[in-house]
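Each of the next two complexes has subunit A plus one other chain: subunit B in the first, subunit C in the second.
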Partner chain A sequence: MKLEQNRIYIKDIQFGDVTAVNNGILTVNKEEMINFLKEDPKVKDVKLDIARPGEKTRIIPVKDVIEPRVKISGGKGFSGVTQTTTQLGDGIVNILYGAAIVTVGDIVGFQEGVVDMWGEGAKYTPFSKTFNLVVDIEPAEGLEPHMHETTVRMAGLKAAEFVGEAGRDAKIDETLTYDIGNIDEETKKYPNLPKVLYVEMLISQGLLHDGYIYGVNSQLILPTLLHPNEEIDGAVISGNCVAACDKITTYQHQNNSAILDLYAEHGKTINFIGVIITPELTTLQGKFRSCDYTAKLCKTLGANGVIVSEEGYGNPDSDLLMICKRLETAGIKTVLITDECSGWDGASQPLADTTPEAVAVVSGGNVSHVVTMGPADKVIGNDKAIATLSGGWEGCLEADGSLKCELNAVIGATSEIGFHYCTAREY
Partner chain B sequence: MNKINDFSIVTNNPIVKEKYSQVIFVDGGFEDVLIKTRDLVHSGHELINHPLGASIRMFFSPYRSIIVSSKSTELVDNEHVSIMESSIISYRKQMENRMPDIVNSQDYAIIDSELLDSSVEEMKRFYN
Partner chain C sequence: MYKILYYVNQFFGQIGGEDKAGIEPEFHQKSIGPAMGFGVQVKGQAEVIGTLICGDNYFNENREAALEYIMNVIKEQKPDMVVAGPAFNAGRYGMACAGVTVAVQEQLGLPVLTGMYEENPGVDACKTKVYVVKTGNSAAAMKDALPVMGKLALKLLKGEEIGKPAEEGYLPQGRRLTVIADERGSKRAVDMLVARLYDKPFETELPMPVFDRVTPAAAIKDLSKATIALVTTGGIVPHGNPDRIQSASAQKWGKYDVSKIDELKGDYYTIHGGYDPVYANEKPDRVAPLDLLKEYEKEGVIGKVFEYFYTTTGTGTAVGNSIKFGTEIGKELKEAGVDGVILTST
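Right, the complex of A and B next:
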């Protein structure tokens, strides 16, 4: 598959008469965009706001973050979700690089997910560096929780497509090409390089804990093989909005760091042969089946090495380590990417499970690490949600309005696909 | 477990208590549900779904529902025992400095019930 990503550098977002990009300034026609999103009768109202890097703005509770793009050729938008099903991964896509759609929607009262655009909090979330168009969705009254979640998820994706359309004829600043042929072709080209697969685990457990591939809920799949281009072209969507620090937002799927880093090494140190999406199920039988099947796919495809990334914490730790055990036992070198839940002092056992086969583990940081974030001048979303963050222990809300919270409340802070700034180091 | 109806739900969630008939109700917190389930697994009940949630936030839930087989056998599954014991350790560690988020109890009860429904659906795809 060959995908050309055309980047249009975005240096600011403003509201204006037309939705367009001129000289790196993205203007958005607020009324048109709101009316477009309100075409869904389940959307009662939409509020739009802009958050720029450096502003003393706090966004909460963030549901998802999506990169605005438009497909020029080879498939359409979010295939199988907002658009009819087409094959993704080939063709040309124009990207408003540096802009993000951030959806806010408090589906339940305990949602976390804070993005601070300045100060201490900004150091931890990758979305403090993007120009954010914040879409706050108020659903129609009486929607049951599943429909509410779907409505907010769909509105975010449609918003990204609406804004992405502005990139169709804009001046292109940079073009990146992602081109990997079939396994046979690549192995002939690089016969001496180790064949490497990337296994991406997705939380697949129900309301606020779901992921989608071409619109298919990952609860319902056996582990499945994707070409890396499919994921970075929008085939994988987040439906998860509880684990703020280590949920994989749609933006992070579109820019999956593990995939991009493996791409960068393809043909140099490795032969990157594909991506396996593995569901993290809830039943033990389901976990055994997914883990066996994942290991079987890796063996069948002849992988010499596998990178496995986790999503979430708790029961998915069991899947992560079971996959590791199966692969290492089969002689396949395995590297795990996870994050740690090691207590405030960082000294506790980091995962809920262990296995001696896990000999190469990359940490995305300690989710229990406590940070203090200063008072915001402006809060976008629901400021009551801040009380949820500050309700954990005594003294977490300082007298000056500063907020003390664990990193688990900060969007993308300890990303388990490496799309962030934290790591853990021995010293 | 052989048949789809041979399961029980260990729960402290009042919504689940109303919704399902096969409930072992625990008058206590999340940890008490873990301990009750551990005791059942030690006495030969099969553990059907994982006792922990998939995100840190769900550790702060005042409610938890875990599925076990309703019948016990003389054969205790050591792997299930180990999962229960390590889950209790993880839960205690996670809650060292935190309290259950009782302000949002009602929402947690709804989500716990929804996630349980998903687990039951998933279970039905294995046992029928």
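Right, the complex of A and C next:
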């Protein structure tokens, strides 16, 4: 598959008469965008706001982050979700690089988070560096929780497509080409390079705990093989799942750093042959099925090395280590990416499971690491939500507006696809 | 100029060997033994204002009395820091250094420092709380230990950031702290994988934890006479969450009187952040089956359902907190004569 990503560098977002990009400034017609999103009768109201890097702005409770893009050729948008189903991974896509859509609104569950655009909090979230168009979605009254989540998820994706359209005819600043042929071709080109697969585990447990592949809920799949281009072209989206710190937002799927960093080594030190999406199920039989099947795919495809990333913590730690055990036993060298739950003091055992085969593990940091983030000049959303979010507690919003909370509540802080920079070290 | 008070045993205090191990603590307003060598290391920035000496046997056999004397001296002398040892591999001396440094830090909030050989039993008594400089196993290592202790002491006095154990020379404290790395996680993972594939050295960022194993209790012989308690980590709490239990990474547990109700449905809901709550909120008994236990009680299958239901959130909750909660809840249940527990997760 060959995918050309055209980047249009975005240096600011402003509201204006038209939704367009000029000289790196993205203007958005507020009224048109709100009316477009309100076409869904389940959306009662929408508010739009802008948060820029360095501004003393706090966004909370954040559900998802999405990169605005428009597909020029080779399939359409979020295939199987907002658009009819088409094959993704080939063709040309224009990207408003540096911009992001951030969805907030009435809390659906405890797994939503905070993004600070400045100061201490900004260090812990990758989305302090993007120009964020914040979409505050008020759903129609009486929606049951699953429908509420679906409504805000779809509104966020549609918002990203609406804004992404502005990139269709904009001036392109940079083009990146992602081109990997079929396994036979690549192995002929690089006969001596070890074959590497990336296994991406997705939480698959119900409300606020699902991922979607071409619109299919990951709960319903057997582990499945993707070409790396498919995911970075929008085939995988977030169901707004898990604690904010290690949920894989849609933006992180579109820019999956594990895929991109493996791509960078393709043809140099490795032969990157594909991505396996694996559901993290809650039943023991489900875990055995997923883990056996994942290992079988890796063996069948002749992988020499595998990177496995987790989503969430707790019971999925078992899936992560079960996959590792199976792969290492089959002689496949395995590196895991996870995060840790070692308590406020960092003194507790960091994982919920253990296996001696897990000898190469990257840590995204301790989800219970407590940070204090100063008072914001502007809060987009509702900072009182922190009291009930994972990682917050009653009283953690202090009288002066500063926020003391665990990284649990900070979007993307301990990313287990390795999207961010945190790690844990023993002291 | 910072003021440091020094603690040593009878041997390093130049009073005598094993025959003097029973001496009571005493205080001298000068540097004695290692305090002198230590003073050289911090010269110009800090000075040792006095030396406390106590027999190792006396300290370990009369801990309270010894600490009372020592703490009083420290309160009178008002040092900025207390340094003890190094104790090398001397076990009783190590326990005394641990006892003094932990007490001073906890009760007076002063910075403290000691030094020991890693197998000294005193290490386990204090390393998670105070800095213990890693030393050789005998006094021959004094000349290597004191410069490391002096450097670390000055950093602690100035409140400077303390680096990694290997860099600063102290024994790992078993605390995993979150820091910002130079490369993003995925790049570090790819580099680690490439190193493995080419048989080059690599270092895991997370050594696998070692788990406790719990031996199951003996079976209950006659269930029809047994009192059974219901305990859950599924975050089921009364509406409004009166005790404000966290939705993840719980810092506390709650207990609620269920003696007058036949099911949790209606009065309870879940605040757990780790699963789809919709079905638990419809009927919380799906997570914590009070309804079935009450039926069993009526049918005489079990003797009695214990009057209180215990609950917390399991997701992201540190094992340290779980051990604390389990110990506290277990103690209450044991004292109340409960014979068995149904413990549910999610």
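The rule we apply is simple: the second predicted complex is superposed on the first by the 402 of 427 C-alpha atoms of A that agree within 3 Å, B and C clash if a C-alpha of one lies under 4 Å from a C-alpha of the other, contacts with A are read in each partner's own complex, and residues count from 1 in each chain.
Assume a contact is a pair of C-beta atoms (placed from the backbone, for glycine too) under 8 Å apart; a residue touches a chain by one contact, two chains touch by 3 or more.
Since the model is a prediction, treat every value here as computed from it, not as a measurement.
For the composite obtained by superposing both complexes on subunit A, the positions of subunit B and subunit C are in clash.
By the touch criterion defined above, A:Gln205 lies against subunit B and subunit C together after alignment on the C-alpha atoms of chain A. Judged by the touch definition given at the top, the superposed model places A:Gly74 against neither subunit B nor subunit C.
By the touch criterion defined above, A:Thr283 lies against subunit B but remains apart from subunit C after alignment on the C-alpha atoms of chain A. Residue contacts after overlaying the shared chain place A:Cys341 against subunit B and subunit C alike.
Within the superposed three-chain model, A:Tyr421 lies in touch with subunit C and out of touch with subunit B [touch as defined at top]. When the two complexes are overlaid on their common chain A, residue A:Gly156 makes contact with neither subunit B nor subunit C.
By the document's definition of touching, of the two partners only subunit B reaches A:Val108; subunit C does not. Within the superposed three-chain model, A:Gly314 lies in touch with subunit B and with subunit C [touch as defined at top]. In the superposition on chain A, A:Gln219 makes contact with subunit B only, not with subunit C.
Of the two partners subunit B and subunit C, it is C that touches the larger number of subunit A residues. The clash between subunit C and subunit B in the overlaid arrangement falls on one stretch of those listed (55-63, 217-225 or 271-279), that is 271-279.
In the superposition on chain A, subunit A positions 109-111, 145-146, 205-209, 243, 282, 312-314, 341, 343-344, 348-349, 367, 388, 391-393, 406, 408 are in contact with subunit B in one complex as well as with subunit C in the other.
The part of subunit A that touches subunit B in the complex is made up of residues 108-112, 145-146, 203, 205-209, 219, 240, 242-247, 280-287, 311-316, 318, 341, 343-344, 348-349, 352-353, 367, 387-388, 391-393, 406, 408.
For subunit B in complex with subunit A, the residues that touch the partner chain are 47-60, 67, 80, 83, 86-87, 89-90, 93-94, 96-99, 101, 103-104, 106-108, 110-111, 114-115, 117-119, 122-123, 125-126.
If you check the complex, the residues on subunit A that touch subunit C are 109-111, 123, 144-146, 194, 196, 205-209, 243, 257-258, 260-262, 264-265, 269-270, 282, 304-307, 309, 312-314, 333, 335, 337-338, 340-351, 354-356, 358-369, 388-394, 406-408, 414-427. Touching subunit A in their complex are the following residues of subunit C: 128, 162, 164-165, 172-190, 192-194, 196-198, 202, 204-206, 208-211, 244, 246-249, 251, 271-278, 314-321.
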